[in-house]
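For reference, the structure I am asking about is given below.
So that you can tell them apart, the chains are marked A, B, C and D in the order they are listed, and the count of residues begins at 1 in each.
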Amino acid sequence: MVSASKSTQANAPIRLGMVGGGQGAFIGGVHRIAARIDGHYDLVAGALSSDPVRALASAKELGLDRSYGSFEEMAKAEAARDDGIEAVSIVTPNHMHFPAVKAFLKAGIHVICDKPMTSTLADAKKLVKLVADSGRLFVLTHNYTGYPMVRQAREMVAKGVLGDIRLVHAEYPQDWLTEAIEKTGAKQAVWRTDPNQSGAGGAIGDIGTHAYNLACFVSGLEAHSLSADLDSFVAGRRVDDNAHVMLRFKAKGKAHPAKGMIWASQVAPGNENALKLRVYGMKGGLEWSQEDPNYLWFTPFGEPKRLITRGGAGSGPSAARMTRVPPGHPEGYLEGFANIYCEAAAAIRALRRKGGRIAKDVVFPTVHDGLAGLEFIDGCVRSSKKNAAWIKL
Amino acid sequence: MVSASKSTQANAPIRLGMVGGGQGAFIGGVHRIAARIDGHYDLVAGALSSDPVRALASAKELGLDRSYGSFEEMAKAEAARDDGIEAVSIVTPNHMHFPAVKAFLKAGIHVICDKPMTSTLADAKKLVKLVADSGRLFVLTHNYTGYPMVRQAREMVAKGVLGDIRLVHAEYPQDWLTEAIEKTGAKQAVWRTDPNQSGAGGAIGDIGTHAYNLACFVSGLEAHSLSADLDSFVAGRRVDDNAHVMLRFKAKGKAHPAKGMIWASQVAPGNENALKLRVYGMKGGLEWSQEDPNYLWFTPFGEPKRLITRGGAGSGPSAARMTRVPPGHPEGYLEGFANIYCEAAAAIRALRRKGGRIAKDVVFPTVHDGLAGLEFIDGCVRSSKKNAAWIKL
Amino acid sequence: MVSASKSTQANAPIRLGMVGGGQGAFIGGVHRIAARIDGHYDLVAGALSSDPVRALASAKELGLDRSYGSFEEMAKAEAARDDGIEAVSIVTPNHMHFPAVKAFLKAGIHVICDKPMTSTLADAKKLVKLVADSGRLFVLTHNYTGYPMVRQAREMVAKGVLGDIRLVHAEYPQDWLTEAIEKTGAKQAVWRTDPNQSGAGGAIGDIGTHAYNLACFVSGLEAHSLSADLDSFVAGRRVDDNAHVMLRFKAKGKAHPAKGMIWASQVAPGNENALKLRVYGMKGGLEWSQEDPNYLWFTPFGEPKRLITRGGAGSGPSAARMTRVPPGHPEGYLEGFANIYCEAAAAIRALRRKGGRIAKDVVFPTVHDGLAGLEFIDGCVRSSKKNAAWIKL
Amino acid sequence: MVSASKSTQANAPIRLGMVGGGQGAFIGGVHRIAARIDGHYDLVAGALSSDPVRALASAKELGLDRSYGSFEEMAKAEAARDDGIEAVSIVTPNHMHFPAVKAFLKAGIHVICDKPMTSTLADAKKLVKLVADSGRLFVLTHNYTGYPMVRQAREMVAKGVLGDIRLVHAEYPQDWLTEAIEKTGAKQAVWRTDPNQSGAGGAIGDIGTHAYNLACFVSGLEAHSLSADLDSFVAGRRVDDNAHVMLRFKAKGKAHPAKGMIWASQVAPGNENALKLRVYGMKGGLEWSQEDPNYLWFTPFGEPKRLITRGGAGSGPSAARMTRVPPGHPEGYLEGFANIYCEAAAAIRALRRKGGRIAKDVVFPTVHDGLAGLEFIDGCVRSSKKNAAWIKL
């Protein structure tokens, strides 16, 4: 990897900027807490809205001195400062990710970017090259990979505790788009159901990618092909609000190839953020639910089901790295999100030293995961248009 | 409907025979308890095994005086007796259902038959005609439709509590065939993985049909078409042990057609009989799990999730009809199974009277449900062979 | 033990009578199903109500030929018949248990009796002697001891899996007496809140005894003393509707004596029959809930919690004896109740043979458990009157 | 209230100090995250250990410039600085709370103090006066009162949704002291089982107070008297490791006085931090569990149980104030803890203005709650010594 761009004490907080996340946004506030909770970052600059008035007001509210009217301006100005930002968080609507990421990479600034990485597959492919060329870090906040028990699950699969994996089932049902609230002007609903801002995928892009990413992250498998049946149940909606997907994974060695199902929905009443993952192998099964994230259910085939708790008995080093408080004291969404920021911080600090290397146990979603996500969205949209024909990924 | 075949007091227990269910069988014992628990039947005759020695030994063990060496002999002899059986339970492996059912219908005896109804779609079609011609009852023990909270769910959907239905998700994972136990001679595994005895479907026929039947029973919808990806994960297994299915339902009126997913598996460690149904409409959602059958989760969209318990507040007349003990005292699988026998008894007793009519609230799976099940199995097998192409049902 | 009273084939169904349980009763119907479900009994005689008209109507409804106007008459007449009943179920309100039991024991007929055994401690003590003198069986339907996973828990404690027991917590909250429904004439509420019919204890006698019995049954401990704070929260109620009890158990060997808590309530909204038991020892803990009876939670200290299912992995011979269907197919309250009838049947059949002995693994609550229950009720009532002073049992 | 001690911009972060919480401590780290997560505080000074070497090393690790060798020195020095701390967090073992709190109050610095407030009742009483005299804020981190759904429960009780309260059951079982780990030198176990450091109560002081505080906080009731049976199950342990308590509350108006039970244990295998609260009134019941804190179970009497989720339907303004992310994205222990720091920040900022008033909806545990906690501990210890005699509080 490359050397650090600016001289800074090895363990000092990282100077962070933010693009997007102004008043009325949701995910920006989450990123800010995630950056703050463990003290690894100082948020010092922002271009918090594409509307300059809102940008300034938002910056003031946050006590940010360095507020910019555009990300281009910000990238340029921060790169020029001695105390400029070392990393930037991109938390705009999807279609703005690509140009913003590009600007900061070119300015030599590490990037932490919300998902999906881009709004088109073409941009995703370009970004892979841009990242490689930049020598900067690109961290994608597929935040569910930051949950300790997700790390635990991944560790168990990698260690062979489940044997060859046969089945991976992931689902992410919500209910907040059961009615056509985008017509009432609800900000979150408006941009997420607008293909110009969110990309071609609706539910499949917004939450289906999370389910898919989680399935691959834990199982260690890569998808071979998929068959998808997307639908818009709400009259007049321009993107899918429900997705049924069948998956076939690439074989690992001589094992029989695994298969999977993914369900993503925004019209399933009674579901808030019911992301759930189930993985079954020849020797055992795992179940995890985002809404109860401190629990991992593990059944060694032929033995009673076991409840592994975050930091409790049976929980290993991968989870321990991501744990702040004792078992029985639940950690949640923000801590999981913050874990991605912790990993990013470890990586960024490692790169502060000339020739510094990122430790092996530091794990975060990269531009390759982002590309896989876009290939998944694109594949689902194409498959669905062809009556759920199989699409090779 | 037809008149009663033999004069019997209106409320006297029904004289019942049984075909199959001898020593070493599983489901026969379940049928016997189901017939006995509410006192509606007297088991008086049986052809309990195709092996005459085992048949006799089994009959002796059960204290049955009238033991026959074959079902043909039994049908003939019982039809000739004044105190002959009024109904027969067919609990053999699948491939023997059709000839046995036929023999008893021809002998004028009501039939209660285990599922799947036949081992081929062709036989299922023939059976529809045979039943119509016979004027006898044909009751298929899709026993999960007997659970009180399944009835409750069905009633709520029918009353429009959920609004137009959009999504129906059913799954039935098990783990008992995770390893190749059919090679060890385990009786249940041997016949269920032998296409000559079980039919072309493995998991899809054994448990997938239950999931499908439940999905249709509760939602009141009919499937329009399906896309299925079946697999045999255990080397050398001759039938599927895992099935992924995407469903499209026929539109009801002007409503946007509903969609669904079905997953059936016998290789998912940590699952015993984890049949689960979820139904989502425009106005609410329902969730039910066979392993915790006294609970029905209901979310009216925009309100807190509610837990309706069997016989408790919020539970209506359809569940009350099927309930024996107060809420908080769990009923289980046997009571649910017995409820089908209760419905059958009500129907059989109604037909004892010349011109008797079956009351409207008596509900049980019929030959048409059996046919739908075979069309589903056949469709899944065909679709899977064509790389999960859509098959119209 | 004594020889069988009448010659009957060893495995023939047992001729059973019933006292109480006529129209409008609850527990009588439960006993009848419990007796019928496994085919071990034929109900042939009854004195189903203290009201002769209702008694006759109830008998007719059940198809019982031998209906008596009083239990005295029934005991006499049945004892005199060659085909007289071998056992009788006593399912009247509590205050009638003692005279009825006495009459049948004196007539040489085995007794299965609902709990609490008597309405006074004095009667309970007399009954111990009566049973001993009679040479007949006395089976008390503390039905929760019939649940397979309760047997499993007891087996694990007895085998030392939990080490020395330190804590036993049992609770049985209900909510059906939250309001003064006894004033509306609700039959179940009227007699259960009438000290002349139920005895001095209300909730403590009706359900507290179940919790106490379960605590002792599973832990294998005997209570040393108790401190109880009973209350009647509903204005005008004549018996307690809520009970808080602290328990001290007798030391077992050199172990530090265990302690416990019992809570019984009929005024806790949201609780149906939420009987729950928790047992903690030096080496592990167990948790069981009546409303989800197929699950037993077991934590070996320092290891992950395990879910043992009825008949599943980790479930031993005591549970297997009480199990009818495979794991994942729930059994419930009626099967648990029936298990007591199965044990009684095994015992009665053993005694049919001259010099017959009851097998060691046949376990059921006896007159001694009944006495312990009355000592518990009496102790709680006395303690509460003395401001929760400790009462030695 | 008093005027602000030092001129600071109204919304600027609060300058915070910390006493205790150095290397090897547990709760100090929790306080630091709680202070940091929402950006309301800057930690700028500390006396992090009574061991000066460890204090300095700890400060260095945290990047703290102002490290003191003792809290006395720190209080004096900070009070003298223009940019001195406005508030201090006291996170030492219990016996050091009193002198440290006293020193900072005398220095005119607001105090945030861990619980139990002091190690003796006498000190607690003195502290009430000291706080009153100081005009400074005293915030006790009974952190469970910061959980949104605890606030929701309290709001529902206060609004009369449950009607008159009858029963309050709280329990807090753990298992980490099942064995005598204090003999192995485990730091947390050593001081918590040493009466000189923890006070006379063991489990009752460490976690029983949490349960008691929660019971009172939600129910709005005050205890009238208690009967406690404490025990030390582990040989040689010098403080209780298990506590059984019966409670009687003071009557509210003409309502029948409520009662309760409290169980605290550190020797119950399978329990991590299983704090649970149940409140039952004439019109409904509530259940909440700390390990699943985003859920509140509410049963209006006679209706189905409802699941209210944090921020979801049915969740009111008290919970909304304490909520950062949408329903279905779990918040946990740290967010709940941070909510106390948010309330403290709101109060401290209000007092920055001369004549500033704390808003009515700002709620946090005060010195009076701390006194109630010590009265509870003291009462339990005294009651237990008198064989669980009733002690008036």
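Going forward, a residue touches a chain if its C-beta (ideal position, glycine included) is under 8 Å from a C-beta of that chain, and two chains touch if they have at least 3 such contacts.
If you're wondering where the values come from, they're calculated on a predicted model, not measured in any experiment.
*Asks:* Expressed in steps between touching chains, what is the minimal separation of chain A and chain D?
*Replies:* 1
*Asks:* Considering only mean CA positions as chain centres, point out the chain farthest from chain B.
*Replies:* Checked the centroid distances; the maximum from chain B is D.
*Asks:* Higher C-beta contact count, B-C or A-C?
*Replies:* Between A-C and B-C, contacts are more numerous in B-C.
*Asks:* What is the distance in Å between the mean C-alpha positions of chain A and chain B?
*Replies:* About 44 Å, centre to centre.
*Asks:* If you average the CA atoms of chain A and of chain C, how many Å lie between those two points?
*Replies:* 56
*Asks:* On a C-alpha centroid basis, what's the spacing between chain B and chain C, in Å?
*Replies:* Measuring from centre to centre gives 35 Å for this pair.
*Asks:* Going by the touch rule set out above, which residues of chain C reach two or more other chains?
*Replies:* Where chain C meets two or more other chains at a single residue, that happens at 271, 298, 305, 309, 312.
*Asks:* Report the residues of chain C in contact with chain B in the complex, numbered from low to high.
*Replies:* These residues of chain C touch chain B: 11-12, 26, 29-30, 32-33, 36-39, 63, 174, 271-274, 290-294, 309, 312, 324-335.
*Asks:* Under the definition above, what is the set of chain C residues touching chain D in their complex?
*Replies:* Of all residues in chain C, those touching chain D are 166-167, 169, 175, 178-179, 227, 229, 231, 233, 235, 242, 244, 246, 248, 256, 259, 261, 263, 265, 267-271, 278, 280-287, 297-301, 305, 387-388, 390.
*Asks:* Please name which positions on chain C make contact with chain A in the complex.
*Replies:* 298, 302-309, 312-314
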